[in-house]
Each structure stands twice: as structure tokens, then as C-alpha cells.
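Look at the two complexes coming up: chain A is in both, with chain B in one and chain C in the other.
This part shows the complex of A and B:
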């Protein structure tokens, strides 16, 4: 009898242990409860190309993948700070060299298969594989060495870095965890790059995101459906997401996107021009809600060709580089540009004039010490005069050798705002006697000139940071960065301020002290605003809209602008 | 007949081969490549971009690239799409069906309308009718293609009678009949746009051909013999007018196909047009070449059908063969 009682107690203990082990460690949010049901139709200009996060490069593919997969730590697009996701917690030790990631227990992929440390190890093995060439791989090379992973137990993984990593756990956002049980086969066969194309079936896919792949109709739509195993709950312990399906309709262009939204065929619209935003706002009628989320992380700018052209046989451009390299000339050009008018006329007041690359949309890192540039024709003229320029009888600016000063600005066709900005700059500079020609080129042709042939004089372009952290700008500001557009030739002729930027950017990546990093990045912003390797213009606002019945719709300035909290969206009535 | 047909097929094959070679060569001259945009991605280093170029064979010679592509054509893949990461054939086939559906309906509508309008003006000989038709055709000819498509879209938006683009509504495909009705409703405006684009040219040719055959001596003689109007039209005028119109038919297939690419893009019809446009901009070379060759194939097929019809209708051609 006593033995039997002992057995029963042991069985009970085992049962409790087993149930506690298999219990789902769900993330309970503070979100007030919503209601289940309904579909969400999103009209998109292009269709997603692949659903494989390891090789996806286009933004829409990544956006759709983001709905179906999850990362260890996630950046909240509203607060711009990190929050736990698949990792319940992360312990950082050894001065920022070692991250111990504690995973949530009992979670399941969208096909019902359990998730554990092996999936994490497999995912990072794939991202780091040199034969796969994942675009994310470079982010995992820290201090010249790849991140190394060790499994400590079924739900604990240790990440070791060769040097302290400044952005810390932000690294994990953007590395969706792959289902080992589905992809280990294709990976071993060397076919992982060809897996999860749009020709796959729903059964071939599994993820840890709020939705899972349902179907793709070529050229028409992609449908994802609710993941019944999703690991987040609202405050009433209702499992998220609320919506049944998300339907991405491919409509081809922005005008068609607007028409679909106007006709009610699409529920959400984003990435629209200020002109379309104004039109839609006037017709909103309480049925639709248009939201201006404020300045984005995109910075538009004018820059001059500062590349070393000695091997390029471009004497005409080379002869003008003397002006472009002259800081007084660049400052004068910057002072001549009327950014307020650009904001008012090109963006209908829905942009922010900027004087450095960190826009007001970046809540955490924008420096208050960088002063805004205001237009001053007089100051510009005196700057030019002090740099040896003068004006001829016709009022045209001439340099010390008597050559009239003029250059061409290239920009890309298909982006009306940039073309209008270039035209406005042309008119602004005309007032100081500088002749500007505006040339629009098809985007790839433009990139070819900017990055390969260097056959251009000046260019108006925009870049959008992927994150608010300075780490996301590492390819732009250090002189060896692959997007150091104004001087990709790496001529070795580094100025003092550029060397200082190189040093500061490298140092902030190694520092784990947030205040120290901020100080360093503030100094980078001051150096950029003072030395103008680029002439910052404006940062356009994030403009979006949705049907008024869609609740929790809250566009953010970080990509993806509108679907970042997709699990929280719900319809107020069916 | 078989000799005639085989000779035409052989010509078609040579033309397709030449088109594929020229497309490859011309695409080489286009500045930029698929991987260029990756360099604006903050995550991607120059080394990774270079590795992608090697992976896709973008650093190889034109000749090597062409022969690699030809090998994949023989396998039925038509190359590999860099952007989609799948064989081009699996991108093309579903879209070809949609493009063919649109162009076939537009062809039917435009030719029916052109024959009706053309014949009406010649038969009625009313100055008022003729001037209305002439003015309408001149107006259609002068309006840019883009504007016609946009006006039709605006009409759909304002009236709500037709869907604003796309090919099928969500949640209507419960039965085959419902789905067919839905697709037909979506088809009206793009097909109408295409038909309107080609109508002025067709009407003009139909008028000229009918007028010419009506004035032919054998038609005058038949009329003088008191042959009834119906028989006169069916047995004499239309067969005589058919010859130039059949030749025009072959060309109109090609014309409609090229116009359909534009209409598809504007009206969101999921055919080859949007895919081609996006592939050109992203320099997805195999998709561009595949679409070009397929479009050429349709044009050649249209002309082949026209040749066969001419062979059947015109005894002089049979005699020449």
C-alpha cells in the first residue's frame, strides 16, 4: 500500500513536471482584448519575390516574411526599443562579448512542430554559411570573426562575439528562426537557396510568426492565414492574432493602389506620396483614416562626386572636383537651398528639413546639438567670395580661373519628389549664378553611374536606415563602407574629419555603454553637418491610411511601417 | 500544304533564335545589373554582392551566359529568375494564360466592331454616319493609350459598375460559374481598352478593303446581274476584301500583345506586362528574355495563322506553292 502510494506520488510529480515542461511559455501583452475574425486586404505595388528569409532582399518579401516568422528579440517599431520575442530573456556578460539567450518553452511552429535550441543553432548556421551568401551574414561578422553559438540546453543558447557588440540584442531582430525539421534536408542537399520560392505548397512552410503561408496566385495575390500556435496573448489571455487572413493584392503602381483604397477593395495603404495622401485625406469621410506618422528614417540629400577619377577618363567631371572638394563651396550650396520650400511644395508640408542624416524620426539617437540650416543668399555669396569665386558681368559665378561654375544633378526617374527637389535646387542655385542641369535616369542606370562608372557630377538621392541604431549606418559613413556613395573609390585621400568619423563609428560599435555611444554618434552628426560630405535636404513623413473600423492601426517610422503590429489589429465590427 | 507549313515553322524558329540572341546582346548594353540595388542595402557588403554576381553567373561572358540559357530552354526552364529564385517557366505559364485570355477577347471585340463599323459606313454612304465615325476614330487615335486606360479606370471608380483593376474578386470563386462571371466582369474594361486602342487602324483598313472590293469590276458585274445583296456580300465582296484583312489580322495580334503589356500594368491585369516591366527595372535578365521570346512567339503564331487562312482563302497562293 505504501509502495503504491509512493508510486502514485512519483507519478503525480512526473505529471506535474511534464505538464510544466510542455506548457507554453506564452508572452502575455498588456493589450486590451480585441475581437477575432475578418480578413485584411493590402494593395501592394509589387509582389513578394521569395519567402525564404535567408536570401530575401526586396522589402516586400521581407515584410511578408516578417508576418510569418519571428526572431529571438524584436525591435518595437513604436518605442524603437527591443522587447523579448522567442527569447524570454538575454543575459549579456564578459563586457558584451557573450549573450546567453533563454528561449521560451513549449512553443510550436505553425505546423505544430516544437521549437527549441536546435532550431536556433540551425538558423544561425545557415545565415553564417559562406556557400549560401545570405545578405544578413555580414551582420554576424563582428570584429572580423563570425559569431559562434553553443547549445547549453534544450532552451538555452550562448552567442560569443570576438569583441563587444555595441548594438547588443538589436542584432537578433532581422534573423527569423527557421524550422530545422523542414529545411535541414534541402540544406544538406545544397538546395536551401531554392527552397521557399513562390511555387511552394502550404505544407512546405512553417514559421513562428502570427500568420502562416496559405496560397499564392501568380501575379494576383498572396494569402497568409492565422497561425493557431502563435505565442502571444492579449491581456484577456486570448491568443493573437485576431485576423483570419492577410491578403496581399498585387496592383502594379501607386495610382492603382490609391484607386483600390478609394474603392474600398483595399483596407490599408502605405508608402504613398504626399499628393495622394492629401487627395485621400479630403475624401476620408469617416470611413477611412489617414495618418501622418511624422518624419521617417529616410534622408534625402544632394551629394557631389568626390571619387578619385584619375583612372576613369572623365576630365570634364574631374575639372569640377576642385569646387566639389571645397568645403566653402559645399556650405554655400547648402545655404542656397530652400529646404522649407522643398517641404512645402514637394511634400505638401509633410516632411522635415534636415541638416544631418539622423532624422527627427529617430527618437533615440538624433542629436540636439546639430543646428538646422536656414537659407541665406548673402552668407552663401560671402562664403563663395572667400573661397575665390566671383561673378561676371552677367551675374554668373566664375571660379578663380574664370570658368563659369555649373554642374548637372542626376536623379532617378519614377521618383517625382526627387525630380522636383532637383529642379528646386536648380532654381535656388541660379540665384547665386550657378547653372544646374537636371538629368533623370532609370534607377539601375543611375546606380551604375554612382557605383561603377562614377560618370556624374552631383546627385539627389535618398537612403533609409533600417534601424535607429548607428550600427545600421556602418555601410554609409566609414570611408570603406559599401554605400559611402560620394567617394566609393577609396582613394586613400582621407580628410581629418573623415578619419575621425571612421574612428568614432568603429568605436561606438565596440562600446556597450549607451551614453558613450550616444556621445560618439552625436559627434559624428556634428562632423557630417559641419563638413557636408552630403548636403541633407528633407526627411519625408511616413504616410499611411486604413479603414476606420480597423483598430490598433498605428503606423511607425521603422519598416514595416504599417504591419509591424499585425497580430494586434482587429475589426471593430464584422 | 505541309511543305508550306514546315517552311513557315522553320522561318519562325530562325526568327525566334535571332530574337533571343539580339535580346541577350541588347540587354548586355543596358547599364546596371540585378545585384546593384543590393549595394544600397545597409546589411550587404561589397563581398556579398560580388558573391551573388558569381552565383548568378553575371560575371561570365555573353556567350557563356547565352549557352547556359539555351541549355535551360531545352530543359523547359527558360532560365532562372534572380528575383524570384525559381525557373522562369513557372513564372511565365500562369501569366501567359491571362495575357492570352485578354488579347483573345480584345481581338474578337476589336475585329467584330471594326468589321461592323467599316461595313456600315460603306453600305450606308451617309455623310453624317461617316463623319461621326471618322471623328470618333480620329479622337481615339489622338488620345494616348495610357489616358484611355486611366479614363476607363476612373469610369469604374465613379460608377462602381466594374471592378477597379485586377482579374478576380476575393471570395467569389465558390463555383465555376461564379468565378467565370467574376473574371468576365474584370475582363470588360481591359479588353475594351485594348479594343479601343486598335480600333481606328482596323476600321480604316476594313473600310478601304470593302470599298475597293465593292468597286471591283466582278462585283459591279454581279450587281448588274441582279444578285441579291446578301449573296453579293457573302460570296463576292467579303471574300475579295478578306485578303488584305487577313494579313492585317496577323499584325494586329502582335500590336495587341504589345499594347496589352501597357494595359495590364495600368489596370492590374496579371499577365506578362507587369512581370516584364518589373523584370526590366530589376535587370532580371532571364525573365525579360523569356517574356520577349514568348511575345515574339505569339506574334509569329498570329502571322502563321494569317498565312494559313490566306492559303485557304486565296487560290493564287496555293497555286504559287
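This part shows the complex of A and C:
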């Protein structure tokens, strides 16, 4: 009797275990099976500032957080399209105003605690909280109103928007789901911003990403270890990830990064200059593999100060704005710039000349109707002549009032590529008699001039889109955007084409018809290429390398360039 | 003495070459020949491919896909025009006919001739060295002499201010200075303003030396005698103390010039050097801080020889002057 009772108890236990296992709604990928084991050492230039996804802004922090956290829907960095993650599916209704998110069942955080709709509600409550000042908050304000969430059952959450949201479920990619059971306390006490700093212990952290926090040694390294509860499997039903630990080592600068990779102390290298990539390629042997993933989403450009300076007492700059506002002048400058040489000399041929801000790396949204800029000294000179400019006896360009045409280009010290580009532009414009001075400034004083004092004439800078979707450019192109660098004065003096851009950008954010959005964004690209509020230069390639034994290594043009598929990486046996 | 004379000769020739940089350079320092980026130094030959000796040195250049031709090095050739004082000239010391190119020290990443840039860079770096030295020495000598001669509260306050200025974080001052300079200031002027700031801030060390010397000199018999005959303080300083301090000042200059040339290198390394396209030894060497350049293009390191040579010469002269001063008691 006793034995029978014991047996039935064991059977019951087995049954419970089996049912709980089968209830675990894991994502089975089509990935061919890999091999478990091994660590991955990544040499980085600098350390992350914080491991709290709610307040992290720097890319290094986000990169580490990305390994330890997961979102509802994820953008596949390779295909640039969305794919289900913690959400099994998303139903979109009411013309794009309502998203019903069905969560995977039976998933657990890295500390073993179950995940459900309450974690989702808590996460978005935190992201939307004005007192937290999360950088992602603005993305959740759609049509002037915050997104509202309703829990429908333990595994279903409804998101309601004030107006249709064009980018759709891409929205969810930037919102890692937080563990309510660990963070509700600090949140209620108003201490969430101080949680998950670099000084936390492993027990204080839990996430849904492939790895979990292990340790941090200031100035030296940060270690994350395999999350045994991760919710993805390969095609052979092996639970991912394959690697045991990821060790980030902080080495100070790019050259040290290159040396560590070269000596074999680091397994992966990314974000390297084309010059260093070339040096490594020359020394490449069978041990290391270097990959050029093609043009990134970064666009470098020259822009003029088009701010309204009437109340800034900068008469010298104001007197030159007549030239800068003249489209013929901007087009002539654009035509004088030898982008091919910039590609060849500054980026060792590992960049793509561009004529608008959407780079060839953006597979889904780049317009085929925008034509490349062809360099032509003759056309540039005739454009300048038709705009009332002429040349004096010394070959210098003078304007209608007889003033010699010249301006300064500011750029930041420490960015060798930008300084080189400015130097090349200087010589290119000299050919048309335009005198250019190149001034390199410390980055903070440069930003102060660009954003606050407007005390500059022209600038060479680069911006990188966070996503391929036009939604990621909303801070740049509408005239009230916070990164509308060339005219932040919001003077109200809008040109016709700028008003059209404002309208198109706002409309595409409301439209859920992708073809319609594409048409609108194509038009925006045409307007930018035709009116040149910025003069696009080149888009540098994403360059990375890894040891040849590391399998599934596939750099992408979206951040994080190399660790986006970390759960799929494994060491081959050779 | 021979060593000092040799050093003087080398130093003088470096200065003269820097002064005549436009004439001695085959091409203007800012000209970008982009198809020749990072070209190694051109091989100047005396023997042709058949082994025949040529009286005039020459270079080989490809004229088309299959043919390579010999181009002799020519002297006093016509080229781009430049200003030498009030005169416009177009003669250059040497060159080769197109399509051949003559890069004595190779080219940089834009295809600019490193030799031309080294000579032109000398003008900026040497000017920076001398300007800062003259400023430091003038201010230092004036204040040091006053402090040593009058003593008392004047001495006390000048020396305390000097000590305070030695502790100033001058790098941050320069960063701030650079950030506030108007953008319209030409590259060379903006840069010389920064160097002038470095020079002015460097007055304290020479001031301490001159003060010590003045303290000793003012007790000398001939100074006391002059004072007894009713000489004014100004007269004593002008006629007795400063002339005696002159050898010390020259020795100080010999130490300060290389020190300020090195300061120029530091500024350039930090990106505070002279703006493109104007070269200086500092910004030419700043390129070598990049690993890929260091390992791939050895000729980019050659500009390091120039400040090294100037420093060695200055130290040799300073050393000789010091020995001489010790040999002849005051």
C-alpha cells in the first residue's frame, strides 16, 4: 500500500513536470544544430555606463543589455524585418490602432521566475513614467498621447494607440521586458534609476535574454554567462545559446582592440576603421576571418548653418547665409566634392558615396529614384555663375557684392575620418575658388556651437539611423526635430520643400500601408537629394572580424553589428 | 667647441631650409595628388636597368601600360609660383618632368609630398619654439630681475604667482582657449595665439633662474660700488645685472626652444595643433599615432628626425655655453 502510494506520487510528479515542460512555449528556429561550450572574448574600447535598459543611452551599454534582455517582437538584423520573440504573435486591428500581443507561455526569467503579462504591463508602465525619464518614452507617445495597455489574460496584452502607428510592431524592438518581481520594489521606492548599475550582484539581476549577468571588474572586464532558461531552440531542439560565457574586456582604444584581436586574445572585433580593417586583412591567415558587411546606416554629410541668427549677434556668419541658403550654391558645392576619393582615401574603398540620407545598407527603404551625384567642375561653375557669383583675377570666387566666398568647416578632434573628409573638401572647393578653413574642435565645444550658440558656418558630421524604418528619422527631418541640425532655431521660415517633408514624414507615421509609406519616404528622399539641406558624402561600411572557428558569425548593418545573433554563435571542433 | 660649432651649423641650415621651404620643395605642401596616397619614397637611381651608370640621377615612371621611361632629376626647375618675401617666384630647387613624380620622403594619406610638408612644417614648429621661448624669457627675465633686485614683498608676490602658474593645468586652458577662438582667425594665427599662451604661461621657470642670479649679482663689489656712486636701480639693472645674466639666458633659450617644439608635438597629438592643410612637425607625427599607419607606412615616421635633430643641436649648444660659463667665473 505504502509502495503503491509512493509510486503514484512519483507518477504525479512526473506528470506535473512533463506538463510544465510541454507548456514551455519555446521558439524553435530553423538553425542547424551547433556545439555547446566555450567562452567568447570581446575587446571593447570603453565600458558600459549602466546595465539598466530603462535609462541606458550609450551603444556599449545597450549592446551588453541586448545580450541579457529580450523584447516582445525583435527586428532580425540580417533580414531587417520583424520576427516573433517573447510575443508568439501580434494581431493588429482597428486600422492599426490596436495591437493584441499573445505572449509565449511558460517562459522563465534567468533566475527561474515565470514570465507573464504582468511583467509586460510593469515594463511599459516604467518606460512611460515621466519621473523615470527613459529615452524610449517619446516612442510611446503616438498622436500626442501615450500608448495604453490592458491585460486581457495572463498571457495576452492589448496595446491601444491614439492613431494608427506606421512602423507597426517594430516599435517593440527597443523595449526590453523587465522582471517585475525584482524591480517593483525599487520602482515603488523611486529608486529604479539607481538599480542595475555596474556594481550590482548577479542575484539582483534577471532577464529573458540568452545570457545573464555574472560579474564586473571595474576597468577590466564584464562577464555574462549562459541563461539556462532561454526560450529559443535550434532545429534539433537543443536549447540556445551554445556559448558558456561572454567576456567583455575593456582595452581603452581602437588600436589596442586591434592588437588584442591580432594576438588572438580577443575572438571578435567590430566598429573598426577601414584603415585598421585593411591592416588586419593584409595580415589575415586562416585563423581570422574579416567581414565587410557593406554600407551601414550611418551617413556622413556636410551642412551649412541655416539657423535664423537675427537675435544671435553673429553678423559675420549671417552675412554668409545668403550663399548657404542659395540652392545653386549648395548644389555646386555638392558637385565639387570628390566622393569617390573620400571613399578611396578615407575609407580605403570600404564606403559608399551617397546622395541622400538613406544609405544602400537600408535594403527596405532606399529609393531607386535618387540618382548619384556626378562630380563636375564645369557644371558647378556654371551653377555658381548663374546664381550671380563670379571669379576675380586671382581665380577666387566672389559674390554679387564682390565679397570673396569662403567659409570654415568645423569638425571634432579625435575623429580622424571627418577631419580627413573636411581636408579633402577644402581642396575640392579650392578648385572653384572657394576658400575653406578647417577647424577641429573638441567634441563638446563643437556640440555647443551646433546646438546652442549656432556659432559656425559649416560642419562635417555623421548620423546613424537606429533602424531602417523611416520612423527612426523623425528627430532629424521634420523641421521641429531635435536633431534637425542645420536649422534648430525653429524660426518658422520654412521653405516649400521643408513643409512637404514635414507633411510626408508625419503622414507616413500614421499610415499602416507599407507601399504608401514607401512612396512617401521615396518622395522625402527625392526632396532631400534635390534641395540639399545637408550635402550627403559617404556611408562607411560595417567592418568586423572573428576567429574562423566561430560559426554563424554574420555581421549586420543594424546595431549591434556583431552580437545580434549571439545565441547562435558556437565554436567548431577544429 | 667643435661639437657646438657643428650643432650651430646644423641648426642654422635647418632654419635656412625652413625659411626657403617653398623653393626647396618640389611641390606645394597642400597639393593633394590623390592617386599617390601613401606612396613610398621615390627610388632615385644612378644605374639603369641594364646596369649602365648615369651621370645625372633619375627616376623611372610608367608612361603607359607596358612602357617605363627614365626621367632625370632636374635642378632649378619651373613649377608652381610662391611668394618669397615681396617677390613671386616659380623656380624650385629640384624636380622631375611629368608624368614622373619625385617624393623624397613619400606621401601622406592624401598624396601630399612629405618632404615639402616637412620643410614647410619646420617653419611653423620652429616659429612656435622661438616665439614661446622669447615670450617666456622676456617675461621671466623682467619679473625675475625685479624680484631678485628689489626683494621684499615684490619678490615674495612675484615668486608666489610664479609658483601658482606652474601648477596651472595649461592643457585645459588651451582647450578652453581653442573653443573660444573666433572661426574666422586664419589657421596659422589661431595656432600662434595658442603657442603664445603656452609661452606666456611658461615665464615662471626662467624667472626663478634670473631671480637667483640677480640675488647673487646685486651683492657683487662692482654693483655695490655703482650704487655708492649714486647709480639708479634702473641703471644698475641695465648696465650690470642683465648683461651678466645674458649667458644664462642664452643657455635657458637653448633648453626652452626644444621644449616648446615638443610642446607643439603634444598639442598636435591632442588635436590642438595647427589646422589642415598647414603642416607642422607635430601634426605630421600625429598621423603616426594610428596603428595602421605605424605598421604600414614607415616613411610617415621620418618627420620625427627633425625635432630630434633640433633638440640635439640645441642641447649641444646649451651644454657648451654652460661649460664656458663655468670656466669663466663671474
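Here, the second predicted complex is superposed on the first by the 552 of 574 C-alpha atoms of A that agree within 3 Å, B and C clash if a C-alpha of one lies under 4 Å from a C-alpha of the other, contacts with A are read in each partner's own complex, and residues count from 1 in each chain.
Keep this in mind: a residue touches a chain if its C-beta (ideal position, glycine included) is under 8 Å from a C-beta of that chain, and two chains touch if they have at least 3 such contacts.
As the structure is a prediction and not an experimental result, all values here were calculated from the model.
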item: Fit or clash - chain C, chain B, common chain A; value: fit
item: Which superposed partner A:435 touches (first chain B, second chain C, both, neither); value: neither
item: Partner chain in contact with A:259 - chain B first, chain C second, else both or neither; value: both
item: Which of chain B and chain C A:473 touches, first, second, both or neither; value: first
item: Angle at chain A between chain B and chain C, C-alpha centres, nearest 10 degrees; value: 40
item: First, second, both or neither for A:419, with chain B first and chain C second; value: second
item: Partner chain in contact with A:445 - chain B first, chain C second, else both or neither; value: both
item: Touched partner set for A:39, first chain B, second chain C, both or neither; value: first
item: Superposition-derived comparison: chain B or chain C, residues of chain A touched; value: B
item: Which superposed partner A:281 touches (first chain B, second chain C, both, neither); value: neither
item: Minimum distance between Cα atoms of chain B and chain C in the superposition (Å); value: 6
item: Interface residues of chain A shared between complexes with chain B and chain C; value: 255, 259, 442, 445, 448
item: Of all residues in chain A, those that touch chain B in their complex; value: 39, 41, 46, 49-50, 52, 55, 57-58, 133, 135-139, 174, 193-194, 197-199, 217-221, 247, 249-253, 255-256, 259-260, 262-263, 265, 442-445, 447-449, 451-453, 463, 465-466, 472-476, 482-483
item: In the complex, chain C residues that touch chain A; value: 30, 32, 34, 37, 109-111, 175, 178-179, 183-184, 186-187, 190, 270-272, 275-277, 290-293, 295-296
item: In the complex with chain C, residue positions of chain A that touch it; value: 254-255, 258-259, 273, 275-276, 278-279, 282, 316, 338, 341, 344-346, 408, 410, 413-414, 416, 419-420, 422-424, 426-427, 437-442, 445, 448, 455-457
item: Touching residues on chain B, where the partner in the complex is chain A; value: 30-33, 36-49, 51-52, 55, 83-86, 90-91, 94-95, 98, 150, 153, 156-157, 160, 163-168, 170, 265-268, 270-271, 274-275, 278, 281-283
